[in-house]
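Labels run A, B and C following the written order; every chain starts at residue 1.
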Amino acid sequence: MDISTFQAYAYFFFTAFMVVVLYAYIYHLYSSQWKGKRDYEKYGDIALHDEITDQPIEHVSQNDDKK
Amino acid sequence: MFHWLEKHPFFFAVAVFLTIAFAGLIEILPNFAEASRPVIGTKPYSTLELAGRHVYIKNSCNACHSQLVRPFKSETDRYGHYSLSGEYAYDRPFLWGSKRTGPDLMRVGNYRTTDWHENHMKDPAAVVPGSIMPAYTWMFKNTADIDTAYAEMLTVNKVFKTPYNTELPMADGSKATVKMAATLDEAHTDALEEAKVIVADMKDQDVKDAVAAGKIPEIVALIAYLNSLK
Amino acid sequence: MENRPLEYDYTVAKMFMLTTVLLGIVGMLVGVILAWEMAFPAVNTIAGSGLAEYTNFSRLRPLHTDAVIFGFTLSGIWATWYYVGQRVLKVSMAESKFLMFLGKLHFALYLLVVVAVVGSLLMGITTSKEYAEFEWPIDIAVVLVWVIWGMSIFGLIGIRREKSLYISIWYYIATFLGIAMLYLFNNMEIPTYFASGGIGSWYHSVSMYSGTNDALVQWWYGHNAVAFGFTVPIVAMIYYFLPKESGQAVYSYKLSLLAFWGLMFVYLWAGGHHLLFSTVPDWMQTMGSVFSVVLILPSWGSAINMLLTMKGEWQQVASSPLIKFMILASTFYMFSTLEGPIQAIKSVNALAHFTDWIVGHVHDGVLGWVAFMIMAALFHMAPRVFKREIYSKSLMNTQFWIQTLGVVLYFTSMWIAGITQGMMWRAHDEFGNLAYSFIDTVAVLHPYFTIRAVGGTLYLVGMFLFAFNMYKTMTSSRRVEESELQNASPMGA
């Protein structure tokens, strides 16, 4: 297999793979919201409540253990 | 999986990098071997031409002049045969340019002469009425850097095997050899010989005197380079 | 010490704000000089024919592009990073002596590089590759600056309180990675002094790639330097500053995430559109064309998201000049990301390439989108960094309208100039001969070059108003309380 054939295959499969991943990501974003696992929209508040005295939307590490 | 990625900055960065790097891998790397084969008739630059090329670069001539003839009738009518990949095999860096404020120069050596360039570089509007190109008077005073040109010649010969001192086939079936001097002094002598040929067609007395005294003004090197563009 | 509450530390942000304003003025001033030189060539010798070498169009042109890209824009990116980064990660730079030191080192080295670049470009020391003109010693310094920034990003992320990375951080990370990869590969060069055993000038180098390959790498770099310098980090800014200033959360956070991955995937493929009809392989040219068109989707994803963020709050656009700047910026973003793909279509490109239309496209992107967003970001930061209200709201409004007029004059004149010249180049008479000599196609552009120069000058006037407003804000404006800084920035009359 010469290099240009390889390029063409690599290109095709990677593009197909990326499209699948992208759609899976869309599904993931919405399904976590339906299932109530995680509402992604809450992260938009990170910009709004960004004083150093504000509570983080999600704490690093500690909170994970408590859940 | 997605959420995990969003929370782990290191792996997130890796994922981003892979996504953006892939296009480069596919598009750029595998093409390298193919595109750099010279077409018949392409020669590497001589010392003086290289020095002239450096003058061209130093003054960003490529900011206004392209060196790329596209395959359209209007362009081949105006500038000559459209460009072939192999014609650029010895161009490091490439000088295609991105804007044609002035005309293309890919084959300017075919239709402009030494004295045309001399008058034009001194006062463009006197040669081409209405020209908006500035004059390049300092090129008549500054001395061309032959040392650096020779250093570059040695480098490309050593690292990239650019064929100096080698017989190369020309389009008309003849052979041509571009010389690389063995020492720096010899390179200076060779460049001066080349310069004398150019200066014979020039009128500027200061430039003639400089070359007679063994110095090569930038304009002479530049014209040598422009004449080599065919 | 212990009793003082923890605060964000904006020392480094302030430093970069200063260079943003200064280098913005320098870069645009040089641009205006260039514009007048094209309209009236006598301007080339404005400082006398003895100095013509240094005031001449071709010597100044790389200085203009590099001052705007690596001076103004990059400073703006870093000024906002050292501000936004702390806030959305909820960690202060005062908490880490090491990061503070890195930040200051970052700025000091950057200043050194700026001085070296300005000096070397004026002397004509250049590799000729657009936006990568610097010779190898400067390249090494640039890489060092970049590595320090990377350490600063990941260092700050390492000590963060907020677990999730806000979308702006994603974009800053992508900027860092993208430019690092592109810059390294495009600047592969061999110093001739060392390879030849000590002959010639020590700073000269020769490119590792030749001819067509060199062009391919250069435009892969050139296009994506625009992507990761003029798009990605500016999107990072607008995702933070527009919601914060308007008090409205991003319209759809999910859409912002999707647009991010879409942009990352598609952008790099589009570089080939700079080389249509050249000697690079055909399939690459076609792919460059196709992906350029696909690129509209993720670009508009972000831009529409921004406009929808203002849903129900459009009265703010009328009342706040700061919001005006940002809304106009995202409108120009939509506009130039539509214009770009149109130019990348092969038949359009055949006409537009090498003409002033391309110059027009670059400038509606940079003046309309990049510069407006950076100025808006600085306006938003100023009251919070200096603890004073913005000096004058009416001055902001004046600046906004002067600069908007400037941009409009700029791109409309360049459209007409580009299309006119492109059509004239290809015109044949009834016998099949070329209808116009080259100089005919230059002479006809004079009025458009003049209009463009006027547009550019107006924009520069706006820059001076901006600098004055910022200076007054910093030194003599009314002091404000913390409580006034929640959302909309406080402004004096």
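Keep this in mind: contacts are C-beta pairs under 8 Å (C-beta built on N, C-alpha and C of every residue); 3 or more make two chains touch, one makes a residue touch a chain.
Keep in mind that what you see is a predicted model, and the values were worked out from it rather than measured.
Engineer: Give me the chains shared as neighbours by chain B and chain C.
Structural biologist: Chains touching both chain B and chain C: A.
Engineer: Contact counts by the stated rule: is the higher one at A-B or A-C?
Structural biologist: Result: the pair with more contacts is A-C.
Engineer: In angstrom, rounded to a whole number, how far apart do the mean CA points of chain A and chain C lie?
Structural biologist: Roughly 28 Å separates the two chain centres.
Engineer: How many Å are there between the centre of chain A and the centre of chain B, using C-alpha atoms for each centre?
Structural biologist: About 48 Å separates the centre of chain A from that of chain B.
Engineer: Using the touch rule from the top of the page, what residues of chain A touch 2 or more other chains?
Structural biologist: Chain A, residues with two or more chain partners: 18, 25, 29.
Engineer: Touching at least two other chains at once: which residues of chain B meet that condition?
Structural biologist: Answer for chain B, listing residues that touch two or more other chains: 19, 22.
Engineer: Which residues belonging to chain C are in contact with no fewer than two other chains?
Structural biologist: Touching at least two other chains: 163-164, 261, 265.
Engineer: Give the list of chain A residues in touch with chain B in this complex.
Structural biologist: Contacts found on chain A: 3-4, 6-7, 10-11, 14, 18, 24-25, 28-29, 32, 38.
Engineer: Residues of chain B touching chain C in their complex?
Structural biologist: It comes out as residues 6-7, 9-10, 12-13, 16-17, 19-24, 27-28, 31-32, 34-36, 54, 57-64, 66, 68, 70-75, 77-78, 83-85, 87-103, 125, 128-138, 145, 147-152, 154-156, 158-160, 184.
Engineer: For the complex, which residues does chain B have touching chain A?
Structural biologist: Touch residues, chain B against chain A: 2-3, 19, 22, 26, 30.
Engineer: For a test of understanding, state which residues of chain C touch chain A in their complex under the given definition.
Structural biologist: Residues in contact with chain A: 5-8, 87-88, 90-92, 160-164, 166-168, 239-240, 243-244, 247, 249-250, 252-254, 257-258, 261-262, 265, 487.
Engineer: Across the complex, what residues on chain C touch chain B?
Structural biologist: Counting only chain C, the residues touching chain B are 37-38, 41, 44-45, 49, 52-53, 56-59, 61-62, 124-130, 154, 157, 163-165, 170, 173-174, 177-178, 181, 185, 190, 192-193, 195-197, 199-201, 204, 206-207, 209-218, 220, 261, 264-265, 267-269, 271-272, 274, 277-281, 284, 287, 350, 353-356, 358-359, 425-428, 433-434, 438-439, 442-443.
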